[in-house]
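Shared between the two complexes below is subunit A, which has subunit B as its partner in the first and subunit C in the second.
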Partner chain A sequence: MVEVTIDGQKIEVEKGTTALEAARSLGIEIPTLCYHEGLPPDGNCRLCQVEVTDARGRTNLVISCMYPIKGPVEIRTDTERVRDARAFVVKLLLARSPHSPVLQHLAEEYGVEPLDARFVPEDETDLCIRCGRCVRACATLGNNCIEFVWRGWEKEVNTPFKEPSNSCIGCGACAQVCPTGAIRVTEDETTRTIWDRTFDLVACERCGVRFATPEQLKVVSPEFKPVDGRVLCPRCRKLEEARAVASGLGAQEEN
Partner chain B sequence: MEKTENLLLITPERCIGCGTCELACSIGHVGEFKPTVANISVLRFEAGVNVPMACLQCDKPACVAACQTGALEKDPKTGLVGINGAKCIGCRMCMMACPFGNITYNAAAKQPLKCDQCGGSPMCAEFCPANAIEYLPADTATVQRKKAFAAKLASGISEVNV
Partner chain C sequence: MRQIIEGYPKEPRYLLATLQDIQEHHKYLSVESMKMVAEYLGVPESRVFSVATFYKALSLVPQGKKVIKVCNGTACHLRGAPKLVEALEKELGIKNGETTEDGFFTIQTVNCVGACAMAPVVMVNDRVYGKVTISQIPEIIEEERKDAV
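Up next is the complex of A and B:
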């Protein structure tokens, strides 16, 4: 255990705890975009910067989501230097995605002037800030369908060769974790489209609601699959379960 | 199951189908009366047979096995399957995996929903007017009744392998 000071408050943390985790456990808010508790940290967005003074008195700006606490350090999360650094990050991100509501909100919070209208292409629709949350989510699920491609300004997240991915299961986790809403999943009654691949949704054998892609159902571990192979939506599974109890209580089969 | 101090015990024979548990659950969790987001639901059959259904806190939970980020975990102390919403990445594999459909996903809040027994004082049990839902110490008698309920389930849905 190490004792650290965060914004004047002392806290004992396990060695290796990140500065971000320690600060949040004290209820101190640090803005993040690419950090997600369920995913390995990657330090891509640079927004969670804090100032750390080590035992020798050296002060540095660090990325709090990737800074493991190893000794008794002092962390400050709201100094002028920190705010300046974050404002700079927001400014750069805003230049990339000027129409992102999330970034506009952050810009307001950190007093970043909106980009001069001359530099904002009206047809700029890219909301992606290249934080890689989606990439990490897909990798965590074991599907690895998307990755960063190209370099520099052209860098983006895409499937291999920009072709519909064969390993995609259409779960939509990438879109769910995207902090700016850049990934689009469109769904109509019978299909779901994501990353240019269109999935036919499987219909519940009881009520007919189309609720999942066949690939999603395939991933479910065989030991939890119904032995008779019936495909039911979650609602109907619950209903079947209740019906089993009800029939034990003497209710007649209905519809 | 024996590890819990208290058990949520459902006795469907007593259920009068009033739906109070659904209202109590939703007001407790989301602050409004909205049965569609409740973690317990009453399924009503003919002849006045009603069955309240909530997460069974399985010994070997399919949802936990499906969760890749550790957002769902079975607490070895309480026996409850708990959700850490911050860790959820919204893949919904828990929903696909649960054989009983007792876990749902709130797309607006980007959070999975399931019974958490209200952290130790379940609202459904508190407000159930017919004592169909009770929160009782996990002594032998309660566990026996729970097992009887489970047997009733198993006899009906032997096709679901749990």
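Up next is the complex of A and C:
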């Protein structure tokens, strides 16, 4: 364990804990875009920068989501230098996706002037900030259906050959982790459409809600395993499990 | 195609080499060829497409026998590269990035090719033309066409 100071508060953390995790465990908020608890960090948006002073008194800006704490350092999350660095990041991102509500919000918070209207293309509807969370989410699930393609200004996330991907299971994880709402998922009564592919939706055998695609059920992730031979949505599954536990304890069954 | 691909060990790290080899022999990467590579090397199709679209040396549309690369680095840009591109487009009747119908020529713009002293620079396949002027364009095309036939 090492003792570190974050914004004046002392905390003991396991070696290797990131500055971001340590700060959050103290309830100190550091803004992030590309970071997501459930995914491997990638450190590409640089929004989460903080100042770290090491034992020898050297102070540096670091990417907190990628900075492992190894010794007794002092971390400051809200200095002028930190705010300037974040403001610069927001400015660049906003230039690329001027209509993103998330970025507009951050711009306000960091006092970043919106881009001169002359430089904002009117038809610029792209909300994607190229943070790669969606790509990492899909890869973590083992499906690998989407990747960054092209480069420079044209760089974007897309399916292989821009065709509907046949390894996609329509789980929507990519859209769920996207911080800007750039990935479109549409659902009607019986289908879900994502990345240009339309999937059927299977109904819960208890409440009738259509909640998952057959492809999702096929990959038998534990949360979708049938309960007593029935396919249940997450909500009914919890209810059934709670009921099983309750009756197992001899408690009165509630209905 | 299959021969080229199967000449490589079945390992993901040969992805770029395989794609370059196909590019070299077929002058472009078709969707079928990329799918074949993905399957053979055991690399996700998304990864293959990502790599194929990242490198400028790889192309998803057929390339001409002669690829004309006009350097548009800073030095060449200042010394009139955009005018050369216009002249080439007019001469060949295609736009930058396109290939002539007879399959002879493709026009591309590239970043600094490292011969700034000779700016503006035009490369046709591996041949380098330095200090190119608009009036030389027809000659160069003529010469290269003879060579291609």
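What we mean here is this: the second predicted complex is superposed on the first by the 210 of 255 C-alpha atoms of A that agree within 3 Å, B and C clash if a C-alpha of one lies under 4 Å from a C-alpha of the other, contacts with A are read in each partner's own complex, and residues count from 1 in each chain.
Everything below uses one rule, namely that contacts are C-beta pairs under 8 Å (C-beta built on N, C-alpha and C of every residue); 3 or more make two chains touch, one makes a residue touch a chain.
Fair warning: this is a prediction, and the values are worked out from it, not measured in the lab.
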item	value
Partner chain(s) touched by A:Ala55 [first = subunit B, second = subunit C, both, neither]	neither
Partner chain(s) touched by A:Arg235 [first = subunit B, second = subunit C, both, neither]	first
Touched partner set for A:Ser165, first subunit B, second subunit C, both or neither	second
Of subunit B and subunit C, the chain that contacts the larger number of subunit A residues	B
Contacts of A:Glu147 with subunit B and subunit C, given as first, second, both or neither	second
For the subunit A and subunit B complex, residues of the former touching the latter	36-39, 137, 140-142, 171-173, 175-177, 212, 216-217, 219-221, 223-228, 230, 232-252, 254
Of subunit C, residues touching subunit A in the complex	31, 34-35, 38, 44-50, 53-54
Residues of subunit B touching subunit A in the complex	12-13, 41, 43, 45-47, 49, 51, 53, 62, 65-66, 68-71, 84, 86-93, 95-104, 110, 149, 152-153, 155-157, 159-162
Touching residues on subunit A, where the partner in the complex is subunit C	144-151, 158-161, 163, 165, 167
